[in-house]
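Letters A, B, C and D mark the chains in the order given here, with residues in each chain numbered from 1 onward.
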Amino acid sequence: MVDQRTVDQAERLKKLRHDVWQANLDLERHKLVTFTWGNVSAIDRESGLVVIKPSGVAYEDLSAENMVVVDLEGNIVEGDLNPSSDTATHLVLYRTYAKIGGVVHTHSPQATAWAQAGKAIPALGTTHADYFYGSIPCTRALSNKEIATDYELNTGLVIVETIGDNDPIAIPGILVKEHAPFCWGKDAHQAVHNAVVTEVVAGMALQTLQINPAVEYINQALLDKHYLRKHGANAYYGQSAKNKG
Amino acid sequence: MVDQRTVDQAERLKKLRHDVWQANLDLERHKLVTFTWGNVSAIDRESGLVVIKPSGVAYEDLSAENMVVVDLEGNIVEGDLNPSSDTATHLVLYRTYAKIGGVVHTHSPQATAWAQAGKAIPALGTTHADYFYGSIPCTRALSNKEIATDYELNTGLVIVETIGDNDPIAIPGILVKEHAPFCWGKDAHQAVHNAVVTEVVAGMALQTLQINPAVEYINQALLDKHYLRKHGANAYYGQSAKNKG
Amino acid sequence: MVDQRTVDQAERLKKLRHDVWQANLDLERHKLVTFTWGNVSAIDRESGLVVIKPSGVAYEDLSAENMVVVDLEGNIVEGDLNPSSDTATHLVLYRTYAKIGGVVHTHSPQATAWAQAGKAIPALGTTHADYFYGSIPCTRALSNKEIATDYELNTGLVIVETIGDNDPIAIPGILVKEHAPFCWGKDAHQAVHNAVVTEVVAGMALQTLQINPAVEYINQALLDKHYLRKHGANAYYGQSAKNKG
Amino acid sequence: MVDQRTVDQAERLKKLRHDVWQANLDLERHKLVTFTWGNVSAIDRESGLVVIKPSGVAYEDLSAENMVVVDLEGNIVEGDLNPSSDTATHLVLYRTYAKIGGVVHTHSPQATAWAQAGKAIPALGTTHADYFYGSIPCTRALSNKEIATDYELNTGLVIVETIGDNDPIAIPGILVKEHAPFCWGKDAHQAVHNAVVTEVVAGMALQTLQINPAVEYINQALLDKHYLRKHGANAYYGQSAKNKG
């Protein structure tokens, strides 16, 4: 007799494979990646299974079928290929934050420059405030010991340490020092969206500082206004919200 | 019996919907927008009706039919979708300046960097002078009170405050501080054209200052010459003017 | 009875119209122009007739047929459209330098930034030295009087003043201060080629100075070597020269 | 009677011509070249024959057939065209380093800016560390004598002088001062791959320094970790390595 839960899970995973495959291709469409320098994953919360890009495979060779399925401890559940070498980092985020449904890692050049510089991307305007409710933080450097053992796990842990008690969805991205950005969202699609925003605001922020090195952070009232008109309980941007004041 | 004025108005609105739809697509063609970060509107002066992009809809999903028609007070006259969240800003410009026929808002990166820096884009060369008869100004920051209530309306009012007694067509664009550019023209097409110019001269101006931080503003006589050979009574650029001296 | 010289001239002009049309399209292919901000011309030395882009016409509307033919004094010999508003500048160059067969004007952004900054593009490497036998100079500013009367003619004259006794083919381009680059070559195709090089080396030079503000000009021996291996009597780059030492 | 060694060599050269042709086209696909400013070669170690791009030929006119075959002393063995003017530089690298199978030279703009500045590209992050086990060095300037005689040979010799006793595969690229980058790898494909990385990290490094002029080089432990997880004996990036710890 067929277990309906098994059927449902297979359906959900099939859709998730498709979404994660497409989200990985979106990295190329949005010019966030060179070669294979980026990966997207998403989680099926009901089963605790994560779908992620295989390691080192060119984007044109990806398919829904060759995405790798792992459990939250990183054991391969489905798939013949190695999962992304950054899998352990993704899994820390899923294990720690129930709200996170998709994770993206890229080396997009402008955000990576901020990560290499070891500086948070300051919130300087409404483009930033529409998506990030404050500066995009940069982690501390990992210690030699953290690098030597369980490096990818420790990369996830330093992200969690930096987020602290904040809501990860309010600032859905971070820079890992000397490395590059990790971004996330409620699903793979939103995670990629936030990775694009991170790259755009990284470039704008550098240019802003070049024009005016004494620029001040965005007025808190304006940050509130823009973030909340898109994300707050009374959001009125777009078509899903009909409650415009 | 058919009212000929009603027929004429329907014809004009049909054409305007088409023009505004195409002008919105031009934002993508000219690489001024990421995702849905831009909108174009145009006005039918005879009826006082404004056609504008719906809020948060992807450019590939736009059509002449799903453009939204509002009156000058922002009431939806035709259309099932919410109009752009920036509609109130557009409407202030139409209500204040009879010469303005089209309005564009983007977050094009180089112009946005100047807006975030809170600095006017100085007129440094003839590329700028061919379209803008002086620097592209930057507004003051909005007060917390202006942000809290009627934010988009107040964005329009601070633009008007900055233009003051100047001719809005002679300098067809402005930077809203900590936000991004708004541009305009006699119709939607010219408004987009001016938004492209704003982005290009923003980038050139930063590079110019990087090469020579002590650069001076363009000689007033050269500014006059270039602006007026394209826009003055004795213009001789292009094919419509046959009065070349 | 048919005059063979007339037939020959018609043949040459037909080919020249085609070449100038294609060279104008190459400005777009090489991303040197926004809208109609660029023009190419070429001269038929035997007849002294110059083929040039019409003013303010979009590149997609250009054809070999709508190119304008003018004589060296600027009189329209063939064509229904106004020639480029910069025609008088092109003609000064053809009248002064017998070696120049094609002229290009663009507002390509990086070269224009140097022109706005009023600085020559220094020869900092072999990319530059392969085409320009020294820095790409920048003219002085025009006086108010030169701007007020015969502006385009005076733009040509200040270029000639800047070149002085130098060979215009050895440094086939110049920056007009507060304006933009003019480039040239033995024909329209080479003029466009040199306009591309000007844009590329302009960008490289700014980045070089940002990395090392104290950088010195290229060693003269290396400038000689690269320029002369491509352009000297003993050139050995490419396929036409078989005299490699 | 057919010599099997001759047959085998012909087969290998046929494949190498194809690979080198494609690798040259990859320079355009990755936007590393303007016009013909780049060339790729590869060596067949068994015969000591090198396949290289012909000099000054446009990429669209290249074919597997018109690649030039030279021996390690630069004598043309097959082909009607002149080999790249930089052939002598490539040959020094093949003669000196048995591990090098492919060589690329470009004038990619960001890497060239560092070469013009006379500065090594510092290792500032993991993007760099994934491919280069330390900074990408810059050679000293050539002396006037080295420029005057056997210039291309001396360009190769100064590269070798700069590499010194280091493993050329651990840092598979270099900047020739006042000139541009040369990169290499085990074959033509990897050499192009490394040329792309060089361009990307060159741009990131400049932006990093603009954000934080006091930035420090990457932690040595992190450099080790990233380089070795891709290239060490226990590499676990990608699909060929199944030894993930």
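As a convention for this text, a contact is a pair of C-beta atoms (placed from the backbone, for glycine too) under 8 Å apart; a residue touches a chain by one contact, two chains touch by 3 or more.
Here's who's who by UniProt: A, B, C, D = L-ribulose-5-phosphate 4-epimerase.
Here the structure is a predicted model, which is why all the values come from computation and not from measurement.
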Target subunit D, source subunit B, minimum contact steps: 2
Labels of chains that are neighbours to subunit A and to subunit C: B, D
Same or different contact residues where subunit C meets its copy subunit B, judged by the half mark: different
Rotation angle (°) superposing Cα atoms of subunit C on subunit D, nearest 5: 90
Inter-chain centre distance, subunit A versus subunit D - centres from mean C-alpha coordinates, in Å: 34
Subunit B, residues touching no fewer than two other chains: 209-210
All touching chain pairs, where touch follows the definition stated at the start: A-B, A-D, B-C, C-D
Subunit B to subunit A touching residues, read off their complex: 34-35, 37, 54-57, 81-82, 85, 107, 109-110, 112-119, 141-142, 144, 147-148, 151, 178-180, 206, 209-210
Footprint of subunit B on subunit A - complex, ascending: 124-127, 193, 196-197, 200, 203-205, 207-212, 215, 218-219, 221-222, 225, 229, 236-239, 241-242, 244
